[in-house]
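I have a structure I would like to understand better, so I am pasting it below and will then ask my questions one at a time.
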Amino acid sequence: MTEYQVIIDGCKNLKGGIIEAFHALQDKYNYIPAEALREAARQFGVSEAEAYGVATFYSYLAVEKRGRYVIRMCESAPCHVAGADELLKEIETALGIKTGETTADGKFTLELAQCVGQCQATPVITINSQPYFNVTKEKLKEILADCK
Amino acid sequence: MANEKRVLLEYADQIDPRKAEDYIKVGGYKGLEKARSMNRRDLIEEVKKSGLRGRGGAGFNAGMKWSFVPQYADTKYVVCNFDEGEPGTYKDRIICEKNAQALLEGMAICATAIDSKQGYIYCRGEYPFMVKLLNDAVQSAKASGALGDFDIEIRMGAGAYVCGEETALIESIEGHRGEPRFKPPFPGVSGLWSQPTVVNNVETFACLPYILTNGADWFAGIGAASYPGTKVITLTGDIENPTYFEVPTDYLLRDVIYKLGGGIKDGKKFKAVQVGGTSGAFIPEQNLDTPIDFDSMAAIGASLGSGAVLVLDESRDIVDVVTRISKFFEHESCGKCNPCREGTWRCREIMERINAGKACPEDIEKLTVLSRVMKNAALCGLGQAAPIPIDSTLKYFKQEYSCKLITL
Amino acid sequence: MLNLTINGQAIQVPRGTMLLDACQMAGADVPTFCYDPQLHLAGSCRMCVVEVQGRHNLQASCVTPCVDNMVVDTESPATVEARKIILELLLARHNINCHVCEKTGECKLQDYCYRYGVDDSRFAGEKGHFTSEDPNPFIERDYDKCIMCTRCVRACDEITGAQAISVKDRGHHAKISTVFDGKLADSTCVFCGQCIMVCPVGALSSKVSMNKGRAYQCEKVLTTCTYCGTGCTLELNVKDNQVVGVSSNRDPVYSPVNQGALCVKGRFGWDFIHSEDRLTTPLIKENGQFRAASWEEALDLAASKLKSIKTEYGPDSIALFSSARVTNEENYLAQKMMRAAIGTNNVDHCARL
Amino acid sequence: MTNSIDELEKDATAIFLIGTNTTENHPIIGYKIRKNVRENGAKLIVADPRRIELAEIADVYMQFRPGTDVALLNGMMNVIINEGLLDQKFITERTEAFEDMKQIVEKYTPEVVAAITGVPAADIRKAARIYAEAEAGSICYAMGLTQHHTGTDNVKSVCNLAMLTGHLGRPGTGVNPLRGQNNVQGACDMGALPVSYPAYQAVSADANREKFEKAWGVKLSPHNGLTLTAAINKAYQGELKALYVLGENPMISDPDQHHVEEALDNLEFLIVQDIFLSETAQKADLILPGVSWAEKDGTFSNTERRVQRVRQAIIPPANSRQDWQILMDLTNRLGYSMDYGSPQDIFEEIRTVAPSYAGISYARIERTGLHWPCPNEEHPGTPILHIGKFSRGQGLFHPVEFKEPFELPDEEYPLILSTGRSLFHYHTGTMTRRTQALDAHQPTNEVQVNHHTAAALGIQDGEMVRLSTRRGSIELKAKLTDILNEKVVFTFFHFSEAAANILTHAEVLDPVAGIPEYKVCAARLEKIV
């Protein structure tokens, strides 16, 4: 079995668990590779078209290759009033990419997120689902520097 | 904190939410024990009598919801909605972080009432660490024997606000696109895998152990009579204490902001408060002396909803905030029904136009009619609620819109 | 039985009846996009909303079960407003090129805009640009005309079972798509065209019929498919004595075998009729070359040859291969000719091949 | 079919497909079966050397060696008898000769059959149980079952299986041949057969002959005629002098093309009535241009015996003539008088001589076709045959022993070649090859070959290869696949430029039906260097 087959196999006993399989694949690859998506469709008995429909429905799932670090900037109202727009510009400048893009070295992908439920300490960004609180321009530099 | 009434969060940070034994030490799983000693009808009656209403958007009586589940079905499911996606809301996370076992006990009480053997917790994808915590908690509860033969599986969402809608959530657990189903049939009759299913959120379930332990009358006596109990609220925005509190439901909104919240940040003046998350109405100063309970809020055209409280100070541009909110709904519309899919898109376009100073008075009319049709005709609560922030600000803060319009 | 009042008219319906059906029984023409009697309900287009007394919101009648004593208005001001706004919203994203659209005349979007007097959209703004070049020879896909009713997705799944398409993305980015939004030919599509059959607008149409004639210009002739033995009913669309397309008759009374469903050959395999290769006159071979002949000459030749061979070698020296492709009547005549006129039972056809 | 198509969607709780690639060759029936499986949970058993589309959703898929149908079916019956899954009541009340069959089947244990067919014994058991235990079990088959020198045996075995389990005469049951061409059922019904008059009235029975002599006012031959394949052989031998081919294309459809060509060349006179200059028409001495189905009125009888209307939609081109008129005009010239004003007139006569059609009229099938037998105007038609009793009275078990296919692979020709149809083409391609969209989608023939077999031969996907048998060779594209096992290759017979029937043999036909063994011949595949 290939690596992704093993990953999918690990979720096979979860009834309807294709989304769990997608999560597991993303934990490994940061996105869902095409062949893995097809395999997951087979394993869960749904059509490939449907599996693709599912994968593209959820904003946390990606069917295109992303960077090793997926940075998501929360843009919901509480973060918005805490200066999310300005912070987003900072991140774009720091990485030299626009939202939705991946850095040339394949290290960072920048995305927007809706509320991540950490509104006690806005603005919030997440990197590979790990939240960072009260992010300021200064903090941002440290955070990015920590991404090896 | 003064004025709080902590029920769900009484032992916050004193017990390990993962550990059933910690919870048992402070009286946990007594409610379940009692529930199991009762016959099902009495149990449901007891929950009805407590007056517990869903701590989500609809505020439906929990016991009543359970009573719709047909007895004859072989398989029934208990599903916990832990997809709190309303921006500014994190109270279910707090309840789990502080008292996860109460959630499990609550689910088990529901399972006892409807005779279910399988539960699911649908945890939002933004909380992968909560999935770990809950898995540990379930394992511990199973090991302690407290849950008996009731199993709980944790499923993770993947970034779709609409999955907070119970039928979309069910679709998602089934591995589908999280598109809401039309109702009827309601999940109580045909839910997960077409079996009768009770869906409640974390906070609702977490109330149950205390209702059973202390009695329905005790619970019914807390807070507002028509919506008894406590409510965990989360404060965000221009507020001195941006944190969470548990308060009785007859607590005044003004007190939430000025007593618990410590007032407006940096000594500025109040402008508006949005309660219940992003789909909630904006409330002006004149309505602040309203208790936060479901019906009182409804009476001023607002909703308690998730209990999120977003405070805006005098310097805030309401139109800008609402424009941002309209972008949220455009992003989160599932796209299934026409009014919501197209409506949220056009709402955002018009709001952006207004916010950019490029709109004319007719655009306000367009927003008004669009809002009305979305509310009237959208398939699910998302599309129906999406225009509320626009509607409410057009009502109370029209001036802010008007001054951005091009007038000839 | 349940008692309802629909547009002031009292009506009784059996328990379990959906409101849309009740409205139709009461003579109310309720518009629909996503509803299809052969497919699972979606309840998503919201065109069929009606006002039900005592209910908070408008009710999508296709998915609302009738309840005793319902009082319903199918054209109340709120209902009409909702429908008009939905139409305006759909127009706002639609590629409005009705003048060249295949579906003009049988497009529900056109029909309802006409009915409700929606001539323009107040919500015109950004449009999607979905048009995907799909090089298959059968199905034209123009998703800039799609109204997302998902009937094609359901027909592909529920009627054909090919499951080639689904919805990708969400919100107004949502689009009908194959896996990875690729070409139909690279998917599980079998080109049955059931998606065209159910599409209420111009998003899906037949490439084979393109620019050959619009629905209202065509006479539809009900007949039975010429291909396999299933015996599907289809309608030949005829314009100026040319077959220009095939459509489905979905009424099980007329289409008892297939209820309108067809396969790729039935739906798209008709233009051989007008092939330049058609034989148009009798041909007689002389010195290894065919030459045109009159019917008189041809039939006389056939008769004289057969008669002389019969005389010389006996009737059993002649055989006929009749055909599994011609009609019963023709088969009957063919075998009767051999048996009664030639005097042999040497009649067979390719049943075994 | 003993039963109707709709029952496969609605009533059957288990469906056994053998030798039918239903979604490709009878798509609408295939779709209905798939819907029944997916939505109602009907069980599905697929037996086919190719892992066809429906095999993907089957409860059991049996990839058996081509030509071992009888062994496989006997094996299933062996399980059913040994495990007591038979329908004793049905056998006692409605059949005879059960003991004879039981005795033969006894030695076909799943293990013995596994060795013959290559299907694991467990799968044979599972399939047998599913079918036998079903509330309503339906068997469907097509040419995959019949195109063997043991075709008749294969069909008898299928009937044995259905009778053994009592899966006959009820909704959702039956023995259901899926007929390949639009009116193959009708052609048979109408007596386009060498052994019977319309409605299967045997020519060899005096009473029948007398009936038709009276009806037609002429003396008739008492001898059975030649089957199509026999006629070709007779022509080859010079005994058949004239042949009239009406809308058929034996050059492409008949086995061993070179043999057919020589046979046709041998004829003194060949008449072809067609709409195209087919490969056969090119051989003709006289071509009579008929009309297409869009240009004629009449009726077709589909595979479920439903008689339906065909309607003229357009006026035919130039100097072509209605096929029925050509036949009538010629018959009159032959000295036998015919006088019909329309196809409906002919149908009215059919009703008088074919009892199963007696109750059917154009008026009655104006909207919905009727299933024959329909003996009178009040009769609602018969979607399900054999309710209560068989037409012959008691159902007769025909014990059948397995016989190997005629031509087995050897060192020189190590592969088994099967031929069949594509979804996108029809029969000899005269129509579909002239349909732009269909031909654009699939313009060339291909040979389907297992990946491993191809790899061993150094063949890449899409590469041109040479496929040969003892009769000849064709060159075509290789299509690598995993739906076939390593020993079997498959090709289509629609393409005259790479005609499969150059390869097939006509040496041994089914002794009863005269059907050729298209599904098995020994073949060799080579890379073209």
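A, B, C and D are the chain letters, set down in written order, and residue numbers restart from 1 in every chain.
FYI, a residue touches a chain if its C-beta (ideal position, glycine included) is under 8 Å from a C-beta of that chain, and two chains touch if they have at least 3 such contacts.
Small disclaimer: the values here were computed from a predicted structure and weren't measured.
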- Which chain pair shares more contacting C-beta pairs: A-C, or B-C? B-C
- Message: Closest chain to the overall C-alpha centroid, by per-chain C-alpha centroid: which is it?
- Response: C
- Could you put a whole-Å number on the gap between the CA centroids of chain A and chain C? 43
- Query: Quick one: chain A and chain D, Cα centre-to-centre, how many Å?
  - Reply: 56
- Interchain centroid distance [CA atoms averaged], chain B/chain D, Å: 63
- CA centroid of chain B to CA centroid of chain C, Å: 47
- Item | Overlap residues in chain B, where contacts from two or more other chains coincide | 160, 177, 331-332, 334
- What positions in chain C touch 2 or more of the other chains? 167, 169-170
- Task: Indicate the residues of chain A shared as contacts by at least two other chains.
- Result: 50, 53, 57
- Query: Can you list the residues on chain C that touch chain A in the complex?
  - Reply: 157, 163-170, 177-181, 187-188
- Complex contact set, residues of chain A against chain C: 34, 37-38, 41, 47-53, 56-57, 63
- Message: Looking at the complex, which residues from chain C come into contact with chain B?
- Response: 33, 41-47, 49, 57-58, 60, 63, 65, 78, 81-82, 85-86, 89-90, 92-93, 122-123, 125-126, 147-148, 167, 169-174
- Note on the structure: Per the touch rule above, chain B residues touching chain C in the complex are 160, 177, 182, 184, 330-339, 341-346, 349, 362, 366, 369-370, 372-373, 375-379, 384
- Message: List the residues on chain C that touch chain D in their complex, please.
- Response: 136-138, 158-161, 185, 190-192, 207-208, 219, 221-233, 236, 238, 241-243, 253-254, 256-258, 261-265, 268-273, 275, 277-285, 290, 295, 298-303, 305-307, 309, 312-313, 315-353
